[in-house]
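Okay, so subunit A shows up in both of these, paired with subunit B first and subunit C after.
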Partner chain A sequence: MSDNKKWYSLDLGQNKQKEATASCGCGKTEGSCNSQKTELSADEFYEAAINASIGEERHRDGFEQVFDVKMDRRTAFRKLTASLLIGAGAVSTSCSAVIDNKTKEKAQIDWEEQFKGNYKLMTDEEKQGTINRLMRSYELRTGKNISMTAENAEEDVLFGYAFNISKCQGYMNCVSACVEENNQDRNSQMQYIRIHEMKDGQGFKFDNADDNYYHEVPAEGHFYMGTQCFHCDNPPCVEVCPVQATWKEEDGLVVIDYDWCVGCRYCMAACPYDGRRFNWSKPEVPENEINKNQHYLGNRMRKKGVMEKCTFCVQRSRKGKNPACVEACPTGARIFGNLLDPNSTIRWVLANKKVFRLKEDLGTEPKFWYFMD
Partner chain B sequence: MGRFKVLKSLVIDSLDTITKGSKKYHIWMGFLTLVMLIGMYCYSIQLDEGLSVTGMSDRVSWGLYISNFTFLVGVAAAAVMLVMPTYVLKDIDFKQAVLIGEGLAVAALIMCLAFVVADMGGPSVLWHMIPGIGVFNFPNSMLTWDVIVLNGYLFINISIPFYILFRHYQGKEAQKKVYVPGAVLSVFWAVGIHLVTAFLYQGLQARPFWNNALLGPRFLASAFAAGPALIILVLAVIRSFTAFRIEDKTIKKIAMIVTVAAQINLIMLASELFKEFYAPTHHSESAYYLFFGLHGKNALLPWIWTAIPLNILATVILTFGKFRNNLKVLYFCCFILFAAIWIEKGFGLIVPGFIPGPYGKIVEYLPTKIEIGVTIGIWALGAFVFTILAKTAIGIELGELRYKNKNSSDS
Partner chain C sequence: MKNKTLIYCLIFLFILGFCSCKEDGEYHSIKDKIENEGKPYHGKLTSDQLLMDSELIEITAGEHTFWIPERKGQIKSFACTECHNRPVAQMKGLEGQKAHWDVKLNHANSEMMDCTTCHNGEDMNNLRSLTNQNIDLNLSYKLCAQCHFSQFEDWKGGAHGKKVAGWAPPRASMTCVNCHNPHSPGFEKRWPVQFNTQKAIERKEGLDH
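On to the complex of A and B.
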């Protein structure tokens, strides 16, 4: 991975990874430094076994795994035998009457997931059913557990967001926090938030702004402004979806059912705010960087060929927490809260600041306001 | 039961017809098959790796596939220009051309559907769109309207010629009271498919380049120029390769339609250009990008500046009856007009809609080889389908395929 990636330049996952490897100086490739193998728990043993067998290759894609591996004849032979065994296993499971329970369960889950309905129309039991299947499927595939929830919108909650243009310095901690929190594809460097660097004295000239800068901030003579999905009250993207795979929840969040989306990208064309992203290839997140606290409508793992977008971190906001971007912002430029709560900060901002929204003439009614000190 | 027997015999006979032919015919079909296979190979790569193998990105999220889809809807709609005079106004000049026109519509619609499927991120979950099993967001989403009108039009354009050919196959006359209502319906339906497809883009307030009232009417005008132009070219080929009689008179009448539609299209182009460039606003930036380039980005300039002169040249030449009635000149004009409108209504319409992006960001789009491979493969599929349909239809119309004939020879 190049060092040029925006969210890695901001003290992120890669650095953590480095720390982890750097902390071990013994140079051993398997097991722990102290070789306390006898004390390994089942999970750790499993992990160690995987490390020993495939190790580095776990982070490579299929092509590299197959062709870009230096191996001697013995390893090659061993791998060939292994793959033959796997192949034979696959054949026997598909033909034999006594199928391994796990395989059977996996097939059952895949089948039910392929033909499940639209999340929007599911009852609470069905919602629980699908997240249980997804968690179990993850466990079966990786041997690790994730926690996924399906909380519905609470009563008397309408989420809104305000952005203080005077405070933002363009550090982009919000961008990196968002990428980490929401398990976005690392290969394509997908980001929900864009920070536009604008020149002082020119006003809001988005077309002259740079939303892809790699220099030290705050840059002299510039100011910064962030955009993301504005969770419009009258969202054009929702209207155009041919299968209702995207909709506005009761608490105002515009969400997507990743499993129902057919990938036509009509919503992308309909969004005036560049708020939507598409998975052009299979999203990849290194296993150790995956955020395992997930919500069905939020940061669970996506697949290739579906839309995704900012959900105001539904997995956090419905638990009463701030979205990751708000929490990460070092300047306090980002304010999030319940618009229906008269004592919330966001209501104070709306009442006491001269707020405005982008492209109000389009009638989309964003729930995302800008203001200045 | 008798009907099924006839149907079975028709299927067998037409299979017999389409697998037999001259050497040129076999080379043509073999060539199309090869191109289709290449297209399928490219599509398999796309299925495997995702749409990242195309030139599309988050900034320009529709490209060559949707461009071709849009253009081909127009070609399909153009069949109506032949149906109306023949069936409704009882103008017999067109009778020969109409079956060809409807065959072309069927092929174009199949290509449309193939392009849409090729553009989908998740073709395996397309059943989500089937009403009843899935969720069909009707009437809110224009895409669902498009699904309805395109499939309905496909049904009409298969059933009418099928009925006529089925009757002719048995040596009977087709009954007017059966097919004329369908033909009348298809006239309105054809306008519908193109208007609805235009509304797909026109209804997006996010894209000022598309969000203008002239888009729909201009779609119709350009479609009624490009579609019949293609029909003229196809008729010219059929005339020289088969025994099917097509009068000069017929071709000249279609040429008249092409001319009028092309003239109206030019007037609308002028109106559009005036609006964009007389008092340019922020919303004219896409047009600026298309015609002159923006901030040094000018990938579309060679395309549009090929299309506009060709369009004007063809329209001017066609306007003079002396040139138009010279078949060689006519074929040339139809060809350049078709190419010009393909660029204008495809690439020149879809791509600038995304450039500049919602916040003024300019990211250019160029199709990749895989994308081009799939596209050419789908065009080959269209040509393949059309050749099969035309060969059967011509066989029946010429009397080479007859139910009775076969029975008497058997007994």
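On to the complex of A and C.
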């Protein structure tokens, strides 16, 4: 880990222990033979917690870089409380003689994760650091491994999407594939994609549309169209986020740092397209159904009280694959590609089909076009 | 005097707005951005890896050159001449096992189409165009394109059909018969794969609106 980190590190003896084991006379393989060295007194702990939370003003952490304002008392207090809780956990484990190395490592990871900066401002090393911690933490908690990546946006790539309304038959394969790919909460049946069943001859009447139909499709006298996050080029959801937990990446993906989001839901209110979903409860996915190929900004496991939404499957698209919905659609109604490449199929669609977007007059510039045969 | 100040203010604001617009280097619409910054993509991402296990052939249709899946190797009963060792007309009266019992023609109607509209009875290993020329089974899209020309246009450009793998070049697109059964090309009515019971409950409780 780099030395000039933006947060205070708590050393619970993980690193020292390796050097010390040889000279350790107590014979214990686990526990607290050298915990004395790292044990914090109540005062030291208090100092450390304060340092780590509001001491940021001296360290100029990511939060400060963005806002460059003094933290008000309320924020400071909130952070302090959270820090104290984690700190208390960390200290009690480091002092304990019975708690094993794993628990200590877990506490250390929790600590580092609590005080990491905004992902948007991280260097590549820091990004690697946080995904390594998250993978290790998952392993410690469940005994299973996941693979998480942090690929950055590729140069000369701008993702765009086209949806053929005349092809969509309402089969919902896309929705299923999306839920599985992106580890969405099964209890609340969260879905990023909505397929709206609309009456022929009435145009787009979202109020009258049925997006929870269950009968054989396509139903007589109806047509189907899908909505999800449109990855606006001028996204109002990003503007309103008070903590800059959501932003537009260079390749056009509008993403969320689930660890930075405070769950205020401003973005949800600002999105004119119903693109965002909130975790009202702790998201749960059965262990055997978890998609273990994850991206930090994509389908990694979320927690209660954070926002999430479609990411055009960042974990797939940044590897050159199509999003899961595009791959799953049996009718070929979904087209995905690089808007900057004049040879891409999406560019052909934009140039040769009569395309339109929803609420174009808002100036949000969605990168999601509709067209018909 | 007051009016003047107001006007100066307005002019100042206008200039400010104009400048900031230019300085940002931002485009006024995504369309401008795409057109100005676009260039053929030769970056790090490719679909090569994803396509490695697929048997593909390169085709050129109009101004588009791309890959489609090879077909003959996928048809279990190919080559047809292993059974059809003489023209269909001569085989018709023969005693023997019935073949192709599983093929039900559900494509246009019998006035318009029968087996020999597409299959060449004289040369079973090939398909037959409307003008009696052979079409290779690997290039069956040429046969379909004879009637379905608008779909063909869209398919060539990429607005109809699916990619074999990812979005990144090289482009490999499914061909007609990868999604449509040529003997019964329409899609059936069926149940959607997903039903959100939670939403149904919320709706019943009146939480939806």
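By our rule, the second predicted complex is superposed on the first by the 275 of 373 C-alpha atoms of A that agree within 3 Å, B and C clash if a C-alpha of one lies under 4 Å from a C-alpha of the other, contacts with A are read in each partner's own complex, and residues count from 1 in each chain.
One rule holds in what follows: a contact is a pair of C-beta atoms (placed from the backbone, for glycine too) under 8 Å apart; a residue touches a chain by one contact, two chains touch by 3 or more.
Here the structure is a predicted model, which means the values were calculated and not measured.
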Request  = Have a look at where A:175 lands relative to subunit B and subunit C in the superposition and call it first, second, both or neither.
outcome  = second
Query = In the superposed arrangement, does A:137 touch subunit B (first), subunit C (second), both or neither?
reply = neither
Message = Quick check on the superposed pair: does A:349 touch subunit B, subunit C, both, or neither? Answer first, second, both or neither.
response = second
Ask   = Looking at the overlay, does A:128 come into contact with subunit B only (first), subunit C only (second), both, or neither?
value = neither
Task = Once the structures are superposed on A, label A:103 by its partner contacts, choosing first (subunit B), second (subunit C), both or neither.
result = neither
Ask   = Can A:277 be said to touch subunit B (first), subunit C (second), both, or neither?
value = first
Ask   = Can A:293 be said to touch subunit B (first), subunit C (second), both, or neither?
value = neither
Request  = Considering only the touch criterion stated at the top, classify A:240 as touching first (subunit B), second (subunit C), both, or neither.
outcome  = first
Task = Share the list of subunit A residues that count as touching for subunit B in one structure and for subunit C in the other.
result = 188, 211
Note = In their shared complex, subunit A is touched by residues of subunit B numbered 49-52, 56-58, 61-62, 116, 119-122, 124-126, 128-129, 134-137, 140-144, 147, 200-201, 203-207, 285, 353-354, 356-361
Task = Under the touch definition given earlier, write down the residues of subunit A that touch subunit B in their complex.
result = 114, 118, 120-121, 188, 190, 194, 196, 205-209, 211, 227, 236, 239-245, 259-266, 268-274, 276-282, 303-307, 362-364
Request  = Could you pull out which subunit A residues touch subunit C in their complex?
outcome  = 154-158, 162, 164, 167, 169-173, 175-176, 179, 188-189, 191, 195, 211-218, 233, 316-322, 326, 329-332, 335-350, 352-353, 365, 367, 371, 373
Task = Name, in rising order, each residue of subunit C that touches subunit A in their complex.
result = 29-30, 33-34, 37-41, 43-47, 49-50, 150-151, 154, 157-163, 165-169, 171, 173-174, 179, 187, 189-200, 203
